[in-house]
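Across the two complexes that follow, subunit A remains constant while its partner is subunit B and subsequently subunit C.
== the complex of A and B ==
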């Protein structure tokens, strides 16, 4: 599977307004560090199902239900932890050969 | 001079009263300040503008569904549906511009307060920045009537800016107990329920003995986390049951207004779905403009206040006790539904279950309760939230009947408190005539100043309390927390507490 350019990333929370937006900013920083061009959007769990993303990032409470919706589903527990997210992204994107 | 007056008049009518355009302009300035590329700046400003338009459409659908729900349930229990002379849609149409300006001015006030009083936490929960501004404006207009826009903006902004400063600060000691670090603060209007849950929790249980995360809840509960599903289901069931007991003429009339040929039973269910859909649309609109504005707020605060911490939305505490979230939600919902029956039985008020507010503030109060008293604290927290929402809705609807009564059905615990304080002071101050409105922000400011002075005198270190090295790290992300601990030591030093002599 080849990587989309830009990578479509969704950050997810219950309503898609508060914490997913903070997570979006954390994800944008982490992806920039990795040199991946990405379009990151914050959304709610219901909408995420139909938005066709490459990567979904959210807390465990939601990612459990979103497995299989996107090729990469990443579970985080600290919305501000850029380094932790970057490490997870590097590992999972690396597995798919999506890191240049 | 006439020309100048005409220009001002035109701007007031076409820019400051058209909330979509005003929000678009504010977003444009925010994106320009962040030095975004031209195409992103224009696209972002347009997205924010469209978001506001969508918000208004959502409010229209939501209010329609709300009225249908209240009419049917009221008829079933033999009550009059709650009355209102104005709707939220009308209110936002007229005062939306003032509200957008309140958000902007309040954020400036807030940033200055955090910077100079070193209160450390910058409020970044965007949708609540919007709603608290709406709540403050509605309360002030309710008491003081049609005041001059600039007076409303400044008075409202002081109230709102102070709230954003006070709320993360007073809950901070408990927040550190919940997340086991000081990486971010808590910015959510459930704080009153969370505070009570944690403070009263120690009388009911202990974290060690009753930790929620040792419990296993039935898996079927999890689909309630999707608020579209839970709103549609709970309201659908209630309205269909209510339709059985409602006056058939009322039911038929309501259904016929929607579609002359539809079965009233199907209509009742569709009405509940339209209520859920209205909320979903409304939230979608809010999300669209927030996605553009909040990063600007974050960027500005990081530049102006180095070393500050963001105060974030309630789900940021959910990973620390997911089971407590469900317990808080379920217990609050049970309490609310019981009170719905009780209020109807005594003929007091037709309550509408606010599923989002039962889930998020209930979940937050559950997590805070668990941090002190385990599952007993979580159930206590949820129940406190259920009580707040039921009593708050019944009491507050009538209080805002001339502005935006629907706010009473969308409110979190802190909204009610802000409304009650504002209306209370306002009722006293309105005797003073036009200058009375200034008493409201003045009272908030004096209250805040006295509280800070007392804390300083008692040397209670709310503002900065170093986490001891040996403090046990909270589940579930020991690893992530370690990273951030390390990261912290390499960052610049934390801002000093207010009583330190450091003048940074």
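== the complex of A and C ==
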């Protein structure tokens, strides 16, 4: 599967302006570490369904209902855990051949 | 940073609460007292967790309570409280919670700089520093220093 540059990433939470914004920063850092050019947006879980993305990241209580919405859906409990998110992104993006 | 100088910042340390609802109320109370948010905002913060689950516990021991601009926000504001006894929010991995932040933003954008700075300071250990201080004034100083790295 090929993808467009930049990678389109959504960080999701219930309202779309607090937790997901914090997660956006963690995701931007992790993607930068991986050398992936990405556009990361924070949004609420219901908007995420209609926005379309390559990658969706959120808590399990949200990603559970978003499976299949994007090629990569990643569940993370600790939104401050950049290393953990980077490892998950590396694995999942690598599987799809999306890492350079 | 501009947002930070405009924002109302409040902190309370070692607050005693019975449960997660009381923890959210306690985090919002100083913002309510300052006139930055309205009573209905506090209720919405609780209702969002009831409806969506405890996703606001976004890291171990740490919750970020908030609702939407239209739920009753008068001024950009941020509060932090530390809890005397940790409480459970029902999060599968991040319970129990010892530090609760609450914020309000009057529109969809005004809080972005403030929360960006807050995230950076949490990465650098702000929650640990908040748990270590013993007075509200010291905790408030830690919040006021959030934007200093910029």
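The criterion applied here is as follows: the second predicted complex is superposed on the first by the 100 of 100 C-alpha atoms of A that agree within 3 Å, B and C clash if a C-alpha of one lies under 4 Å from a C-alpha of the other, contacts with A are read in each partner's own complex, and residues count from 1 in each chain.
FYI, contacts are C-beta pairs under 8 Å (C-beta built on N, C-alpha and C of every residue); 3 or more make two chains touch, one makes a residue touch a chain.
Here the structure is a predicted model, which is why all the values come from computation and not from measurement.
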Next on the checklist: After the superposition on A, what does A:37 contact: first (subunit B), second (subunit C), both or neither?
Outcome noted: neither
Checklist entry - Which partner does A:17 contact after superposing on A: first (subunit B), second (subunit C), both, neither? => result both
Item to check | Greater subunit A contact set [subunit C / subunit B] | outcome: B
Checklist entry - Touching A:26, do we find subunit B (first), subunit C (second), both, or neither? => result second
Item to check | Touched partner set for A:46, first subunit B, second subunit C, both or neither | outcome: first
Next on the checklist: One more residue to check, A:80. First (subunit B), second (subunit C), both or neither?
Outcome noted: both
Next on the checklist: For A:65 in the superposed arrangement: first (subunit B), second (subunit C), both or neither?
Outcome noted: first
Checklist outcome for this item: Residue overlap on subunit A between the subunit B interface and the subunit C interface 13-15, 17-19, 21-22, 25, 45, 59-62, 77-81
Checklist entry - What residues of subunit A sit close enough to touch subunit C in their complex? => result 13-15, 17-19, 21-23, 25-26, 45, 58-62, 77-82
Item to check | Footprint of subunit A on subunit C - complex, ascending | outcome: 48, 51-56, 58-60, 62, 64, 66-68, 91-94, 103, 105, 108, 111-112, 115-116, 118-120, 122-123
Checklist entry - Along subunit A, where are the residues that touch subunit B in the complex? => result 13-19, 21-22, 24-25, 41-47, 59-62, 64-65, 76-81, 83-84
Checklist entry - What part of subunit B is in contact with subunit A in the complex they form? => result 124-128, 183-184, 188, 222, 225-229, 280, 283-284, 286-287, 290-291, 294-295, 298, 310, 312-316, 318-320, 322, 325, 356, 359-360, 476-477, 479-481, 483-484, 487
